Amino acid sequence: MATATAAFTTSELMVVAGARELHDGELAFVGLGIPQVAAALAQRTHAPGLVVLNEIGLADPRPIEFGVGNADPRHWYGASFMGSFSDVMGYLLARGLVDVGFLGALEVDAFGNANATEVRREDGSTRRFGGGGGSNDIASLARSTVVIVRHERRKLVERLEHLTNPGSLDGAGARTRAGLPGDGTRSVLTDKCVFGVDPSSGRLVVRSVHPGITADELRASTGFPIDLAPDLPTTAPPTREELELIREVIDPDRRYTRSF
Amino acid sequence: MATATAAFTTSELMVVAGARELHDGELAFVGLGIPQVAAALAQRTHAPGLVVLNEIGLADPRPIEFGVGNADPRHWYGASFMGSFSDVMGYLLARGLVDVGFLGALEVDAFGNANATEVRREDGSTRRFGGGGGSNDIASLARSTVVIVRHERRKLVERLEHLTNPGSLDGAGARTRAGLPGDGTRSVLTDKCVFGVDPSSGRLVVRSVHPGITADELRASTGFPIDLAPDLPTTAPPTREELELIREVIDPDRRYTRSF
Amino acid sequence: MTKLVPLGEAAALIHDGDHVALGGFSITRNTIALVHELVRRKVRGLTISACVLGIEADLLIGAGCVERLVYSGGSLDRFGQLGRVNEAVERKAIAFEYMSGLALTFRYAAGALGLPYMPIRSMLGSDLLPPLVAAGVAREERDPFGGGPLVLVRALVPDVAVVHAQVADADGNARVLGPRWDNDEAVAAARSVIVIAEEVVDAEEIRRLPELTLVPSFRTSALVHLPYAAHPTAVYRRYDYDADHLRLYAEATRSQRAFDDYVDRYVRSTDHASYLAAIGGEAKLASLAADSRLGY
Amino acid sequence: MTKLVPLGEAAALIHDGDHVALGGFSITRNTIALVHELVRRKVRGLTISACVLGIEADLLIGAGCVERLVYSGGSLDRFGQLGRVNEAVERKAIAFEYMSGLALTFRYAAGALGLPYMPIRSMLGSDLLPPLVAAGVAREERDPFGGGPLVLVRALVPDVAVVHAQVADADGNARVLGPRWDNDEAVAAARSVIVIAEEVVDAEEIRRLPELTLVPSFRTSALVHLPYAAHPTAVYRRYDYDADHLRLYAEATRSQRAFDDYVDRYVRSTDHASYLAAIGGEAKLASLAADSRLGY
């Protein structure tokens, strides 16, 4: 988990890569864990005006510690607005004002569509998870989505068990035809690489590979075919300042950045 | 303006007749002036659980003095709920929970439909008033409406200049056919009589005549044909207790009960 | 990042031809100082909208700033009628869309929810509906789930919503106390929002009770700190309406000539400070102070 | 008129086969004591609904009270999954309608507005939509004003909404602090409302800041005054979630047998007082007290 330049965990690399997906002045939904740490890092570096929304019904919280989820009042502390689900998911998200949703997924397909509902067990039976909640609304109505998923062959799949959260649906232009606003998935962040999206096809393309990950490893752990440019860049590692912020200010208990 | 039993103004008689139209436990919108005094009287006599709503966005105020309109904070004092127009006009009224709206009108027709928009001047030009605001919503969506209007031939008309607030539309069953819930106008209160509605025709019928008003006077001042039963009751006059409440507690400055 | 700007800078965000959703309701929480500034700047061709119009609309229409009106009602309550609004509508001097209060609120709500329309059951069978259908802003349709007739009212997206708040922080988080009529939906629908605040407080104060925030900072384009900016209308928990001035205004708006004289005296030749001096200065304002228990 | 009743009397308002909208969101403001009482009373055949389910739903489903589930998500946050909910859905042991959170909120909103449906643009192109269309609770239609595809989601009208509030007055006016998720719409849509309040205060206190009222008295059918009735979930500004008990619950709900043991110990054989004793009594509750500055 270390490079020649500085020792960092994969989680820390993902936090830094995730933070770079969030821009100053954006309105963002961020999922629990790495997305949240990434948002906190972005706010303390290049994006002080990044505003975080919480579907439970609040905006721009200033948490001083990490909690266990959206429903944990630790994540509500210091909010400038408290109201309802429809205030946030309606009057901001459906209104078209939300720039990005940074969401987890059970599975992601080659078009950046995501499953937040259920997977199939090895015995063929269905394993249900809690459900997508507002994640379909975010993926449907935000200007773009960043999806975070563990890089395994069974999670980066040709065909989703359940298309809960639309990315590019079945290709470029498909969202518009379906009646959806926004661009869908703009990147997929894994523990092995960062995918972007080819605007002409709507398909995921590897944008950068994490340090130490080989092309073969990437292909073997991805359930859909991927093209790898020969000069593929390496995901930029965390700077010393970023690591200090993560370790000393944002996640001193190392709840989310110890390992992925 | 006095009867043999006790001296009272026509306004006081109308307040008392209006109060009788409001029942305990009802949710009501009440217009400024006599309807408001009537609601206050009803709350202090037979209808302590009458709840008044204000379209500006509040419920169950306990005003300690009369103000100049819905927008006057005097009418907001002591409210149990403050929110928005849509909380009150949507989540209560459109939801079907409002029992009665007690509304003024520029004109009323034989079906209890009301005009809250404009009248024609003698020179044929249009005289516009402020507009109905939420009164169409109330007349459309409340279970019933009580309309208060000055009893003049030019105000109780065969054909409205503008049908702003539906009563029975053009007859029994017409509301349902139009897609409206509720029964429409359940009574029309004037300075000469109280009209009820014949459920078989949807037309106004005189339910009681105010003390001292003759049948001829009533016919002459009504712009549509009316049937008058020979044994038509007289509108019950205010009791001593009611007069005391009006004069000493509810409207001690006699803003609305001096004359009509 | 501060959103605080002088009044003129906020007014400059409103351009000729814009659609402005007005925040007042009859004689309460009108953005008077901002409207005065728009009159002084001779803004033209506005569309204005509000459920229940107050002096805001009357001033703008009387001063010739307005081309189109979207509304459901309006008055000076018992002080009188909005003479300039009513006369402009009577004479068809401006275009207008007149509908029920809930219909207008729902049109804002549709805009605020990114929807093309909202269904509603108001206005069925009334004379309100046909002109709206003719203008293409409403349709009568049957419920596709098998129910009866419905009205679909088209989304309304103002360019700017203006709203008066009791309190804001410098970031532009605005708190409103008391009823909010159509403010939530109008603010949420609008492309940009101008807040006029009686008082600017620390961000911590807003974030102590964020349940009362009407406009979050990231929705606020400009914040103007201007005490008594709603005079002569009431601001709940701050000051009462000025009955003397409302009577004077109600009289003035009965004719265009008297209105013009009013505007010359109280608007065109003033700024906010000299307006407050003209209406009676500190003695008058002190007499309007709200009782902290009553709220007025 | 007081709406105060004992817990059992409130629970008796929920009948076999009713549709109950649950007020909690994951590990916050769940109406635990009321749900315990429903489990003890062996209510059967319920439809339950909530945007984001918590222990409320898991207990009712695990105890066999539920026939149909309407929801968008749910969990114990990082403590784990709602084992009984997920297993029932996996095995199709109950009927379910699964949709996006905004779709469910809009379905309540349509019920609350007396409308047959609300339009929405969520769920287009996803696997969420076809089962809802097949079940007759959603349709895909084109915008009749000429725009693109829309989903129409059908109104939802619960028989009873249950909600936990920090504070209420005896008349049944209930104040909620903090975010309200789908509470506004669910309460407004429901035919009747049961409020469980941590504290009952004078009516004057509620009417001092009525902007915070979630449920006005005339919408409240029954009010139960029961401190710690949301334990082990959090009540903002009152007490934190009980992490120890949530861990214990998360473990128990992984299998029906462990769940049954949990219910025997903590629900069936208890009333609210003995439940609180069983989870650690006053010492535990004191340890959960919210910091007045932080709110948790």
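All chains are identified by letter, namely A, B, C and D, in their written order; residue positions are counted from 1 within each chain.
One rule holds for everything that comes next: contacts are C-beta pairs under 8 Å (C-beta built on N, C-alpha and C of every residue); 3 or more make two chains touch, one makes a residue touch a chain.
Keep in mind that what you see is a predicted model, and the values were worked out from it rather than measured.
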For subunit D, the least number of touch steps when starting out from subunit C: 1
Which of B-D and B-C has more C-beta pairs touching across its chains: B-C
Rounded Å distance between subunit B and subunit D, as computed from the means of their C-alpha atoms: 41
Computed distance of Cα centres, subunit D from subunit A, in Å: 29
Whole-Å separation of chain centres (CA-atom averages), subunit A against subunit B: 58
Multi-partner residues of subunit A (each touching 2 or more other chains): 58, 82-83, 90, 94, 141, 181
Touching two or more other chains - residue numbers and ranges from subunit C: 114-115, 120-121, 150, 178, 184, 211
Chains grouped in pairs wherever the two touch, ordered by label: A-C, A-D, B-C, B-D, C-D
Of all residues in subunit D, those that touch subunit B in their complex: 1, 111-115, 171, 173, 184, 188-189, 203, 206-207, 210-211, 213, 216-219
Subunit B-touching residues of subunit C, taken from the complex the two chains share: 25-28, 51-54, 71-75, 77-79, 81-82, 85-87, 89-90, 98, 100-103, 105-106, 109, 120-128, 148-150, 178-185, 233-234, 236, 240-241, 290, 294-296
For the subunit B and subunit D complex, residues of the former touching the latter: 27, 49, 51, 58-60, 62, 78-83, 87, 90-92, 94-97, 141, 181
Residues on subunit D engaged by subunit C in the complex (per definition of touch): 114-121, 136, 139, 141, 143-145, 147, 150, 152, 154, 177-178, 211-212
Touch list for subunit B against partner subunit C, complex: 32, 54-58, 64, 67-74, 76-77, 82-86, 89-90, 93-94, 117-118, 125-137, 140-141, 160, 162-166, 169, 174-175, 178-181
